[in-house]
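Two complexes come next, and they have one chain in common, chain A, joined by chain B in the first and chain C in the second.
Take a look at the complex of A and B:
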């Protein structure tokens, strides 16, 4: 009986680990932590399941991707629009395949104010089946104890029309 | 008047019929419908795998997303229109001999591949392209230009009623992204060429290299530099000459694709829908074996072009213009007369002696690589999220070269060729 209980606990823990999103570095400013709802956490890393909101705009980029670089200005404008119009929808930019330094370089070079982290192993890209960069994904979940699902996506150059489409999808017309 | 030995006549067979094909001298202005639809732009901001490997091996991730692997299949349907004229060849008679080269259609295939070395990352890329750079020649056989024994036994009206040069290039390439906005690249060029001067095809192989760099100082601007080394091929025993004993002697002929430098700038506006560019290319014909022997001069080519993304990811239009001054020098006042003791002037080419008249006829009539201006149009239509079809049309505007000298009969003679070209491009791209 004891063995059976231990086995169930082991299986449950394993399944929980498998369903948890990848751990990413959490080198954010206090303001950025607030945006993501991570202000109470002191962990050096985090998983998407720890975020406090039920919607998230996830951007996957690569420092060495020219198309990502071309899209950066529109991504910056997207963050500004979300902050002003949809404060409960945070935005997270992830350097897919980048080191933390590379991801930070991208953010600094293109003056991105949103939280930026890196995913060296491309785990998020695999989890959401988004192998190309840039990728802008709208993630939504029914409640904070449910996993995120992709409800809107754009892979490739992120232009003005894609910014408008995403904002419209979030319930606001722009321009 | 003693006419030259029959041996001299053969020397007029001109291998440079290839020059008809390919629009900047005997080089295609670019490879693939995307680049050819934009006036040949392919150094600063290539738009597909074929033009990247051909134009600048340092080009990285030119697709709408990264990393991406891409394979391109393309074909050029090339139709040159050539006419030749010889006036007053015999003197004393106001005569003009004119003819059009047999109008043939030349298919020129191409394939290109570009993939990241490691799946999911784009700092190292491998590229591979194989393409025809020439599939051309002149064919005046059975025309009024093709007159045997015109000036006497063994002395035809012109030298070179049939020529055919075909060159295929195989180019593996590698590119490395040094930083987020600088990339370097290198390609190995392996050439396979065949030359037929009317007495059988003579294959030859050669090799060279290409280096390239791309720098993107801003997200809207791209600068490119590239260099191609000289590439020499020797066609064994391709020139056939009868000897005094009635045998046929065969001689080798060396052709060297010249070194080239190219630089370009591209800028993107209108939310990156409009891509515009200008490029300059310097082609060193004057120091290339074969071409220098036939007195070609260096050529500076200017290309301008634009691409507009009418429907994002789905429909593109292209427009371009390419100009390169004719590299074939026009000689005036030469003495091609045949005297009692032989030709008044002889030109030595790689140890082979050409009577002046036949040297000039195959330069002008057999080798009229003279077109200068090209207007190009093109478009791309997406067939699906990973495939697209491209087409382009290129028109090389008519150009004429004229020389006046003294003909074999000792009278003023005019040699003239006129050339224009139509080219249709087709391409299929698959991203995976």
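Take a look at the complex of A and C:
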């Protein structure tokens, strides 16, 4: 019986660990922390479940991905548009497979002002089943105690038409 | 009876552990285990603090690159990669191509080497919309420079490796990566930052 209880505890812990999103470095400016709703947290890392909004635009990029480099200007424009038109929909960019230095270098090269972090192990890409970079994912949840789900996505080159499609989707939902 | 009960518990625990492992694998979407090249197949012939073995090799722009002339202009980062037209190598060099300004801040030159021949390297780099740094062919005698540094693999490719050389021609950093894994940019930038302080 003791073995059975131990095994149940192990399974429970495993499933619980899988349901939480990966922890990512939270090296954000005060303004970026506010955008993400993390201003109350002093932790050096965070999980998506800690964000206070029910909607998030998540971008997975890679410094070494030429298509990401070509898409960077449109990603920058997407952030500008979100800030102006949908201030309650924060945007988070994650260097998938990158070190913090590599992710920060990409952001600096392409003047990306949104919060940027890194996910060396590509855990978020795995969690959201995103196999390519760049990946732009609209994540939504019914309430902050529920996990995020992907409700719109674009993997591969992110062009103007994809930017317009995402903004149209967000505008449609707002109406 | 008690013994049978214990056996039953063992079976239950085993089944649950198997289930947990299956769920974890499904959730994390691990890549399939595929047979591939040996991760690292080299043994360095040089050490940090050694004079870098000098060499001259043809570059894709038609010039001849001489290492001992290059290090006089600033630190040199040799990037050995396994093969042209492969995704990890393409990404790695396209990333370095983006960072000309960052390397320039340290007067550093990144130099790429493979064992492919010049036409192959020209076609490959053209397909990547060009590469700003010197790309060298260690094609003939096959992999001679790679062998001198100790990064020529048993299968004839180069291992994925970085060598940072200072202005005096002394090796200041060595990094050997898994053939399928890009070395972190931090290896290069940390080495260049150290050289800047010297």
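Going forward, the second predicted complex is superposed on the first by the 155 of 175 C-alpha atoms of A that agree within 3 Å, B and C clash if a C-alpha of one lies under 4 Å from a C-alpha of the other, contacts with A are read in each partner's own complex, and residues count from 1 in each chain.
Here is the rule we use: contacts are C-beta pairs under 8 Å (C-beta built on N, C-alpha and C of every residue); 3 or more make two chains touch, one makes a residue touch a chain.
As the structure is a computational prediction, the values presented were derived from the model and not from experiment.
Undergrad: Answer with first, second, both or neither: which of chain B and chain C does A:40 touch in the superposed model?
TA: Neither chain B nor chain C is touched by A:40.
Undergrad: Does chain B (first) or chain C (second) touch A:105, or do both, or does neither?
TA: It touches chain B and chain C both.
Undergrad: Once the shared chain is lined up, is A:73 touching chain B (first), chain C (second), both, or neither of them?
TA: In the superposition, A:73 touches chain B alone.
Undergrad: Mind working out whether A:30 is in touch with chain B, chain C, both or neither, as first, second, both or neither?
TA: A:30: touches no partner chain.
Undergrad: A:132 in the overlay: touching chain B, chain C, both, or neither? Say first, second, both or neither.
TA: So A:132 only meets chain B here.
Undergrad: Which partner chains sit in contact with A:155 here, chain B, chain C, both or neither? Use first/second/both/neither.
TA: The first partner, chain B, only.
Undergrad: Counting contacts the way the document defines them, which residues of chain A are shared by the two interfaces, the one with chain B and the one with chain C?
TA: On chain A, the residues that contact chain B in one structure and chain C in the other are 62-66, 69, 97, 105, 109.
Undergrad: Can you list the chain C residues touching chain A in their complex?
TA: 5-6, 9-10, 12-13, 16-17, 19-20, 23-24, 27-29, 90-92, 94-95, 98-99, 102, 128-129, 182, 184-186, 189
Undergrad: Under the touch definition given earlier, write down the residues of chain A that touch chain B in their complex.
TA: 62-70, 72-74, 97, 105-106, 109, 122, 125, 131-135, 155-157, 159-161
Undergrad: If you look only at chain A, which of its residues touch chain C in the complex?
TA: 1-4, 6-8, 10-11, 14-15, 18, 62-66, 69, 97, 99, 101-102, 105, 109, 123, 126-127, 129
Undergrad: Chain A touches which residues of chain B in the complex?
TA: 60-68, 120-123, 177, 180-181, 216, 219-220, 268, 271-273, 312-313
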